[in-house]
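Structure below; questions to follow.
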Amino acid sequence: SSSSSSTSAAGGSQTIGLLLPENTTTRYEQFDKPLFEAKVKALAPSATIQYANAGGSAQTQAQQVQTMINAGVKVLVVDAQDAAQIKSSVQAAHDKGIKVVAYDRLAQGPVDAYVSFDNEKVGELQGQGLLNAMGPAATPSAKVVEIDGDSADPNAADFKKGFTTAVQGKVNIAYDASGLWKPDVAAQKATAAFNQLGAKNVAGVYSANDGMAAGIVTSMKNAGVTAPIGGQDAQLDAVQRIVAGTQAYTVYKAYKPEAEAAAQLAVDLLNGQSISSVATVTKTSLSGNSVPSDLLTPVLLTKTNIKDTVVADGLYQVSQICTADFAAACKAAGLQ
Amino acid sequence: MTSAPVLALRGVSKRFGAVQALTDVELEVHAGEVVALVGDNGAGKSTLVKTIAGVHPIDEGAIEWEGREVHINRPQDAQHLGVATVYQDLALCDNLDVVNNLFLGRELRRRGVLDEVAMEQKSRELLDTLSIRIPSVRIPIASLSGGQRQVVAIARSLIGEPKVVILDEPTAALGVEQTAQVLDLVERLRERGLGVILISHNMADVRAVADTVAVLRLGKNNGTFPVQETTQETIIAAITGATENAVTRRAARTAEAAK
Amino acid sequence: MTSAPVLALRGVSKRFGAVQALTDVELEVHAGEVVALVGDNGAGKSTLVKTIAGVHPIDEGAIEWEGREVHINRPQDAQHLGVATVYQDLALCDNLDVVNNLFLGRELRRRGVLDEVAMEQKSRELLDTLSIRIPSVRIPIASLSGGQRQVVAIARSLIGEPKVVILDEPTAALGVEQTAQVLDLVERLRERGLGVILISHNMADVRAVADTVAVLRLGKNNGTFPVQETTQETIIAAITGATENAVTRRAARTAEAAK
Amino acid sequence: MSNDTKTQASAPTSAVDPRLLQRESGLQGYLNEFKRKIRGGDLGSLPVVVGLLVIWAVFSFNDSKYFAATTGTFVAYYMVGVGLLSLGLVFVLLLGEIDLSVGAVSGLAAAFFAVLSVNHGMNPWLAVVLTLVGGALIGALQGWIFAKIGVPAFVVTLAGFLGWQGVMLWLLGSTGTINLPDSGLNHFLSGNSFFLGGDISGGYILALLAVASMAVSSLLEQRRRRSAGVPFRPTSEIVLRSALLAVGAFGAAFVLNQDRGVPNDLVLFLALLIIADFVLRRTSYGRKIFAVGGNIEASRRAGISVSAIRISVYAISGAFAALGGLAIASTTSAAGQAGADPNNLMMAIAAAVIGGTSLFGGRGRVWSALLGMLVISSIQAGLYMLGLNLDIQYMIMGVVLLAAVVVDSLSRRTQKSSGRA
Amino acid sequence: MSNDTKTQASAPTSAVDPRLLQRESGLQGYLNEFKRKIRGGDLGSLPVVVGLLVIWAVFSFNDSKYFAATTGTFVAYYMVGVGLLSLGLVFVLLLGEIDLSVGAVSGLAAAFFAVLSVNHGMNPWLAVVLTLVGGALIGALQGWIFAKIGVPAFVVTLAGFLGWQGVMLWLLGSTGTINLPDSGLNHFLSGNSFFLGGDISGGYILALLAVASMAVSSLLEQRRRRSAGVPFRPTSEIVLRSALLAVGAFGAAFVLNQDRGVPNDLVLFLALLIIADFVLRRTSYGRKIFAVGGNIEASRRAGISVSAIRISVYAISGAFAALGGLAIASTTSAAGQAGADPNNLMMAIAAAVIGGTSLFGGRGRVWSALLGMLVISSIQAGLYMLGLNLDIQYMIMGVVLLAAVVVDSLSRRTQKSSGRA
């Protein structure tokens, strides 16, 4: 495993550092990390990977970057907890001649490459998904409840922006608050919104991610709200809810291509090769640096394309999705 | 008093950090005997009491109970043997009321549930025999006067069926009437055949109720005297370690002034 | 004693929740006078002391200092007037050592910094005059015996230049020698022209040093007696509220037994 | 201890003190005493109740929709999860200690339950029992390290705060968030499950039960006390207290009935509160907890096994934390990685303290968990409805929390200055 | 109070107690006494130091890179921010109170500083001063509500925990995270700024200063004490203590010099520790803090204005929290919305407690902030290097924290059973 790797590497000459931001969302330690490690192993068997998860703290992440600099890594792949605060760490790594790949979130500072989904695009897809699910109910006066992510997370603003662009003028955002990425907080805020607006008047619900959607779905059931709701991340529990019909959609950001692209970039940088074949576009970060980027396209996931996406990509087995509680729904959805 | 003492200490020593509080102390208490334990401030009387009561286990030596050696490591051990103790620092729970303090650890129950009524009734009776006035037995100990607290602590030791009662300066804060009641009480305990260890600085009280006086000085035995045959001066000399001391000087001075 | 008293209480009342602890109490202390305040347990003596010391502000009535009415709302107020108090519950900081407790709030300083050396030296002197042995003046108060703590509290009141010293049962936990020293001390204070209020349950001590005895009973005045002209029985009767009480009964019984 | 509020009426014994102010009999006497208590600052939970009413009034004024039965359901439903943590914490606070691990244990419990019942298909009720036992064992382990090894409780439970969170992540590691099926305990605790199926009689039956049992037990006690010759509560007071309880209970039932009835999880919470209150006030075990919280050394000398009390209290806290975790999970029908939210810990402690339980041990009641959670949930309900920005929300939350306690503190200050600490 | 460790040597007064075990003079006596102390469990901070050495050994064994100068710099540099919060908290803990707001105040301070100096272009040093004054005022306000209105400190600072976080978010609202320029205090505290520019002499000069001033002041005190006839430390002990300090100080300087020198923020931290230690142990203000922490009523009766002490202590805590916030911000050269990380609060309290400051007031030293942070930072440095998954990391952190305190607790238990609580 990665823990033994850091000891085995001679002088860290072939070490890649992987820094992930938090653990309240399932994806990082469950998907990104193993997928990334597997791909690096395949591309450069002699390279080792040092891993760190910041547990949601930008300050911890700075210390982790420092640790890796001390350990002599050659390439850093950073999913920044705070894209602005990471700047001085990126600078410090850059000063030591370490190459930095920004992963998923465009870190500020002298970043060498960037791979991500287009976060605004994610928000737009979410908006589109909601409009589709609402169907004819999507009128400019239809009341929609919006539960956003934590405003301390810069991506949350991108999602919100994309979503707003997609639904502006088409529905009425009657309630808008941050759910802090926490399911229980989101559930309570949604309930408060339903109380405020009247359960029958709610025509649609936006949840910035699937974790919060779990809580909100429960609130909707309690309050008797039948409007559609969607999230993002394609978490297993969300896929199950989509099968069962309690959640309308999620946005599937295929972790595999993203992680593998990052691995490709990291190995190329490690070997001093050109990255222009992978990072085909350029994005300018808030600190003004132009970064060669690889932007992947997210997919809107609904009941109809589960098989073609998460199952086809090997993210989940059908048996994982169709547990006893969801067996009947799976049959109805044609999954089993 | 030829039978084995109820309680005997053999060569007991106790040390606190750098302070050797007790060195090779011997003490015997027989059933139906009142032993007064006297000594200067800091002589180690309370420490001795606490070793018997299981508050501080002894470092060296042995404690014998009815002739058998016993090990007293926790207060429960002493209580199970039948030792009831009134501590100098009283050791009451300030947040509990008088009734709860009296019955702490020995609550009366009715069908498994605390029997507050019976406890309250019994408390009032107990306090009445010690002629103390307490505004209410349901006010927290924190709001009692010094003497009232002391009476509560004394009353505590009378609940249960002890064989040895240890009273560490029980009358220090008591008024004249309550002091008389406690001395009466000590005599009643002796009549009931209990062994009593009474610590006091008041020589008159000691002489009034004790059978034997054991003197501690600087953590060591400094003589055991039968009360009947010993003068007050002898005891005070044993306590202070000198026949010429502040007490005799003061007495001499006052006598002179009176002339 | 025709001059105004240093300290006088006029119709002081104090109530705790549902308990009327003091009702219309009057008290006068002159310079160079030792007033003994006596009374049964819970009579309100300590409460009275605390109202003077500023621990509990009074509810009604007035306090006069050298003839002027003053308001004592905090302990600082009393200290600034020149009242030094030894409380029955001692009120020491268990976590601080003897020296620090003695000088608490009145630390000696040298160039703005605590002068530990001078304080330690002074502490040893003070404790020596009260003939107490304390293992070290640098051990925390928590590990002292009851009498040792009491002496520390008494010594505290001698630091500074008070005009009135209040001693609430100062000798309760003291050995015979230390008690004699404290009585000497009280006499020295009187000679220096200070007013002294001495609370004690020990009639012998009271008669030995007091000029006047003020009796409190159930929170009310119950007579003020010049010591010279009053018998012990009169005082005890005033305290207990009856000429026939546990003390007389006990005395009678003991006398009978002696026959 | 509520016993000290018992007033002295016509006691026939001789020991009664003439300085004790006797209350005149009848309602008039009750009112006079009440006035005296207000002046003395001896008000029990009245200030917090007033604070609660003020909160309701202010939010209703700001948002007309706040004053609605749905808000009642919101408060009644969402306060239970954290309220259960708080209830367990009251035991710990009574000892004068703290348990920082309750949030982490609650998250771990939910994850453990989900893994057992969903991933391993265990019978859900068996899984519940195992989870509660697990919580108690975790608590007991922490209590043991504290009581026997002597590591300060703060450090032990801080280690637990981190460690159990790790175990929870590890348990969820392979699957992430797990959806809970709408059955078993999860259904019972869910927001769709109401007492007697939400039948309108449900709330009133509960209210009637509460009022009747209070009145009957008070009267029985009065009779026993009277015949034993110790002071007893006058009938007028019993009537007044029962009437007050009736107003509260039937009022709450009425409000909740306007919406969908009394949520089952609230019924469970109330039942546990009553049991916990009984244990603390009527059993010698409870008495020992107060004693240890008041003076450890005195308790030890009274022959109480302080270690046993400590270990058992932490076990209780752990079990309540586990149950609270299940209740919190049921509000989202899922056990996820965000379960061990440190915010829940903060709110649970705050509720107990706001409700009047001292952090310094020996003083408090289990009802403070209920009262404190009512305050906190009422604020949250209002803030969430207003849909404010997070910054404003935090500020208001801070200020309102403070304000809710200020009345209480001011009255305590009066009390102190009149000599009753 | 460290005074009680002063041993009794050849005191010429009469009051000395014959039961007090005299230490034989010379080094032999010192060793004998040390043995006696080990048996009695009276070890001061030795157990935690041993715990620290064990942590270092275990991590070095697991990862050969751990035992390197860069780890030293890592620990020395990153412990300062939270260490400053912890230092302020020691004052509060000595009172027997708690300050839950330090994390929020530190975040607010960083935001305030960033807004002033970056957005409004204020002179950075003026902004620093305003920030520190602001922190002190916030603390004083909380202290005032606690001391004068009587709201429990826990509730006041919990309200602060929420409220100040709200203010911080509001301040940052329009801009989000603000990057700080590499100048002024931010440069001074940054990881690139070393004492004397990282010159190799820097560390040794500091070590020499520390050892020399300790030795000289000890000898001066010995002389005064000897001439006043009160017990004094024998010369052999002074030599031994100075030697021990020399080993530690020069050792640390050597390790840090292997990398880039002594970080400036560590120098600032040490300087503040020395000042705070001086205030607490050598001034009557410090004495009053200990007194209030030991017995509030006794302090009040001794004429100490308890409210003034409380307000000032909270002001100190607020000012240190503000400075800590600036130090934390300088580690990422940015003030962001996650600045008020509740983890910082937990770690700051934990550090003080691990270092040996009691949560119950009256017992502790400022050095516990340093010692505790060394423990916590050393664990973190090791865990980050191992690159474990977060679940394992949390578990190890919990277990190691506990282990670091267990030795200490076991020795205290011995101490207790030999009668010294």
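When the chains are written out, they are named A, B, C, D and E in that same order, and each has its own residue count from 1.
Throughout what follows, a contact is a pair of C-beta atoms (placed from the backbone, for glycine too) under 8 Å apart; a residue touches a chain by one contact, two chains touch by 3 or more.
Please read these numbers as outputs of a predicted model, since none were measured by experiment.
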| item | value |
| --- | --- |
| Steps needed, at minimum, to go from subunit A to subunit C via contacts | 2 |
| Chain whose Cα centroid lies at the greatest distance from that of subunit C | A |
| Length of the line joining the C-alpha centres of subunit C and subunit E, rounded to whole Å | 43 |
| Between subunit B and subunit C, centroid-to-centroid distance (C-alpha), Å | 25 |
| Per-residue overlap in subunit A, given as positions that touch at least 2 other chains | 23, 29, 151 |
| Touching two or more other chains - residue numbers and ranges from subunit B | 16-19, 42, 132-136, 139, 143, 218 |
| Where subunit D touches two or more other chains, by residue | 17, 19-20, 169, 173, 389-390, 420 |
| Residues of subunit A defined as touching subunit D within the complex | 23-27, 29-30, 151, 175-178, 180-184, 186-189, 191-196, 210-211, 214-215, 217-219, 221-223, 235-237, 240-241, 320, 323-325 |
| Touching residues (chain side subunit D, partner subunit B) in the complex | 1, 3-4, 6, 8, 13-17, 19-20, 221, 224-225, 228-231, 282-284, 287-288, 290-291, 293-295, 297-305, 361-363, 420-421 |
| Interfacial residue positions of subunit C with respect to subunit E in the complex | 53, 55, 74-76, 79, 85, 87, 91-97, 100, 104-107, 109, 112-114, 116-118, 120-121, 124, 127-128, 132-140, 142-143 |
| Subunit E residues touching subunit D - in the complex, by the definition given at the top | 100, 145, 149-152, 154-156, 158-170, 173, 342, 346, 349-350, 353-354, 359, 389-399, 401-402, 405-406, 409-410, 412-413, 416 |
| Contacting residues of subunit C [partner subunit B, same complex] | 16-19, 39-43, 45-47, 88-89, 131-136, 139, 143-148, 150-151, 169, 172-181, 183-184, 201-204, 208, 218, 236, 239-240, 245-247, 249-250, 254 |
